[in-house]
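Naming follows writing order (A, B, C, D and E), and every chain is counted from residue 1.
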Amino acid sequence: MASLAFWNPIACIIAFVVLVAIIYLFRSRGQKKYKKGTAQTQIFLSGEKPPDAEQRHIRAHNIYWGFFQALKQYYDPTIKAHTGIINDYIIWFITLVAVTAVILFIVWLT
Amino acid sequence: MHTLVAHSAILIIAIPLLAAFLTPLISRVSKKARDILVIATLVFVEFLVIILAKDIYLNGIHIYTLGASSPSLTIPEHYMVPVRIILEVDAMSIFMGIISATVSLAATIYSISFMKEETGGDRFYTLLLLLVVGMLGLEFTGDMFNMFVFLEILSISGAALAAFRTRFADALEGGFKYIVISAVGALVILFAIGIFYSQYNLLNIAALAQAMQYTMLDKIALALLAMAFTMKLAGVPMHMWAPDTYSVAPAGTTPMIYIASQACLYGLFRTCFTLYGVTLNTATIGWIVIIIGVLSMFVGVTMAVHQSDVKRLMAYHAISQSGYMLLGVGVGLAVLGNPEALASYGREAMSGGIFHIINNALYKGLLFLTAEALFFRLGTRDLNKMGGMCRNMKYTSIFFIIGALAISGIPPFNGFTSKLMIYESVYRFNPILSVIAMLVSIITLASFTKAFQAAFTGPALPQYKDVKEVPKPMLIGMGILTIIIIFFSLFPGLIVNSIVNPATDALINQATYINAVMGGL
Amino acid sequence: MSKIVRTISNLLILFILTFGLYVIMHGHLTPGGGFQGGAVFASGIALLIVAFGSYNIQKKLKEHHFSILESSGAMIFIGLAFGGIATVFFYNFLVGSPLFGHIPPPGSNPGDIWTAGIIPLMNIAVGLKVIAGLSVIVLVMALASSKIEIEE
Amino acid sequence: MTGTIFNIPFLAVAALVGIALYIIISQRNLIKLVMGITILESGVNLFLITLGYRAAGIAPIYTNAPEGVMVLPVPQALTLTSIVIGVATTALMLSMIMLTYRHTGDIDSEKSRRMKG
Amino acid sequence: MRKTTAVISLGIIIAILIATALLIHPFGHPPSQMDDYIIENTQSETGANNAVTSVVFDYRGFDTLGEATILFTAVTGVVMLFRRKRQPTDV
């Protein structure tokens, strides 16, 4: 396989191990005074009380909001096409059969 | 041992069938015996598939004539056409067979703990075994009508399984959509079989391929067959049933229904490459396959990013990944009539596409199982309601990360290998297609980041404080797939050379397939 | 249903079931076979269900009886197919043996029931299966439409 | 193209399949949809069985057979298989519709739909 | 839009079907290389007088096994769908 000659998963594994070693090095040089369960682990928000866990979690529908807004012109018709009605699924099917048959016919003519 | 190998093709189909008939009787006696029977059957099938695969890679195509006085007597003495049903297992069939058997085994082990909390377990396992029979039969048969029969077994058992959780209205809706799509598709395929029968009075694939003249009627049959199989494998724009069905199917069966649709992909390839082969205007149909593939990749992934239901998200990714296979193999099909281009990049594109089938079956199966694990513990599929599951479900989140990295094509995981093969070879065919494929890969990563962020990271939510890790059988099921993924990631060259390239050659060399039955007549 | 329907069904059922069995048994000689005969037989049971109501039938004919019958029919069928595996799966191993093994004279003949090897046995197995399968479908759907839940 | 007039059975097949497809794509009532699929099935079955007819043929059964050319047996076997498959599919579809109706109180494919997008 | 597409496609499909009906072999004169073998040899090979049954259970017996399996699957599916449920339903 020509495409695999220059790429070897073992190299990736070695790179991964080296990366883990570097991370471990950074981590071992961190603050030794850190202790779990004390005020150190609490969220600090300028002295305010932090919001609930419910509020802090970024929900799935908020992620990539800008992406969907930018591609609104693509997404609106696409989602509208996914009607969820079984009859429409069959319409797509017979359309595709018709288109394929017509293409094969045209190619045969030329 | 020799006898076992000689009969293994039929035993792979008949043993799970026998077990399926036995399951309702056994489960009246003992539930435990039933579970053991099902698992033992699937382990035995896996074993048979492996020894059959070994035999095929050593000795070439395996032929089994049902009901004749000898398995190799394909054509009756002093006659010129095959009359009986012939099982014809070549490297491509056994490649699909390995996928089906492996994923089914993992998914069934996974299902055991799910079934402890549901009623109707004996029916569930019966249908599960019948689904395995349908897949393996579709892949191994060498007869058009027999293929239709197994397609129906696969569809009916798949639809019944998808509707298994009858307490939810959407489960019934998903099952109903699946069976309507399958019924229409299968009837269209039967119509095409009738067209072949009217012209050549043959039903055997190899004999039909030899007799094929590519008349006007054959063109009509090709359009019907190709589109019916494409609908069954959920190619855009006939993909809309797939998210509905995959998202409602109960634990463990989602990967199997997905693999069943991959068996229909095999049906499409068998039709295009073996049945029609070079008699067909391959560039035309190749381009049709490529366009459907590109559309599937793009529409699938962009719709996936938008989903907030975790299983729908993965179902759209399943559609998108099928696009890669269609693209890779479609490029091979488009240059089939051009030996120079085929040797320089067409064959590698096909290898990439076919390698992607097995990679995708593994990691997509793993991802479906992790999604089902979330549903099993949280009782919801809505990503908006999840969060912080890393703390409660450590192993599941590790499995999810591995699956997500593999599907997004991050090195060193196996998804990268096959995608790289597709990118490289497709680039030499048409650079734009390759660029779209890479873009889709990036959006895939983005959407899995979203799913991971929403479900697994974030602060511990109070309502899920008591959520525990999923039970052991589920972890074993996911673990099997993970181990195979890691193995495939470490030794891609070995896999490509030993099982993928023979499968590619089996598709390209139509004459070998024909000669195995017709004996060079 | 009314008394007339019930009386007539009581009379007819015997003929329907006998005809069904005849079609199953003579599948290798005359038009028909396991599927057709099974369908005739199951239509008799469907007639009973229509005439007497699914609730009354369900007291006598339970769903699991049919399930066992169907599984056994399927097992006999696949078992006969396995019987030939010494040669090939589905090999007609009874041709030439005393049981159903006669070879009929070529061309038009009056028909001999001891011919065709495993085919009559397979007809019976498939007949059992179809009887059980179609009856259980009709019974379960009739029960479900009258909102009676079936026993597991 | 000779003998076009004798191809009327095949035209009947075309009509049945066309009608069935029209029903499947236009009727929103799920029961009618299933009826459409059943008609499609009948059309395909008719197609298979007409393929096997030989002019002035007799049934391919030797028991007390009169003299004459026999029609092809394989299409009949295929049709038998196809009919049983049709029965199985229809039964399962109708059961699903019954349960859908219990859940949603509707058998309209648009109003009983829960999933889209 | 949807209606127009559907009507046009249906028109093309019906045209294809009619073309099939006209292009196919004349009714009553099919090619018969495979079936002639079965008609000739059904009595000597299987011993059955009824050629259709010999096709169903011998020459294409595996199809029949599949067909019986389909019926079995459908019955299993129907019984499974109407099984007694432990959990309450969501309506």
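Here, a residue touches a chain if its C-beta (ideal position, glycine included) is under 8 Å from a C-beta of that chain, and two chains touch if they have at least 3 such contacts.
Since this is a predicted model, take the numbers as computed values, not measurements.
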Chain located farthest away, centre of chain B as origin (C-alpha): C
Chain of greatest Cα-centre distance to chain A: C
B-C compared against A-D, more contacting pairs: B-C
Inter-chain centre distance, chain C versus chain D - centres from mean C-alpha coordinates, in Å: 23
Chain A and chain C, separation of their C-alpha mean positions in angstrom: 55
Chain centre separation (chain D, chain E; CA means) in Å: 9
Residues of chain E touching at least two other chains: 6, 10, 13, 16, 20, 23-24, 30, 32, 34-35, 38, 43, 49-50, 52, 54, 56, 58-67, 69-75, 77-79, 81-84, 89-91
Chain D: positions in contact with at least two other chains: 17, 21, 24-26, 30, 33, 51, 59, 61-63, 72, 74, 78, 80-81, 84-85, 87-89, 91-92, 95-96, 99, 103-104, 113, 115, 117
Residues of chain A engaged with two or more neighbouring chains: 79, 82-84, 86, 88, 90-91, 94, 97, 101
Chains touching one another, given as label pairs in label order: A-B, A-D, A-E, B-C, B-D, B-E, C-D, C-E, D-E
Residue ranges of chain C touching chain D (in the complex, touch as defined): 29-31, 33, 35, 104, 107-111, 134, 137, 140-141, 144-145
Residue ranges of chain B in contact with chain A within the complex: 176-177, 180-181, 184-185, 188, 216, 219-220, 222-224, 226-228, 230-231, 237-238, 240-241, 244, 281, 284-285, 288, 299, 302-303, 305-306, 308, 348, 351, 383-384, 386-388, 411-412, 417, 420-421, 424-425, 446, 450-451, 453-454, 458-462, 489-493, 496-497
Sites on chain A touched by chain D in the complex: 79, 82-87, 90-91, 94
Residue ranges of chain C touching chain B (in the complex, touch as defined): 64, 67-68, 71-72, 74-75, 78, 81-82, 84-85, 87-92, 152
Chain E residues touching chain A - in the complex, by the definition given at the top: 2, 5-6, 8-10, 12-13, 16
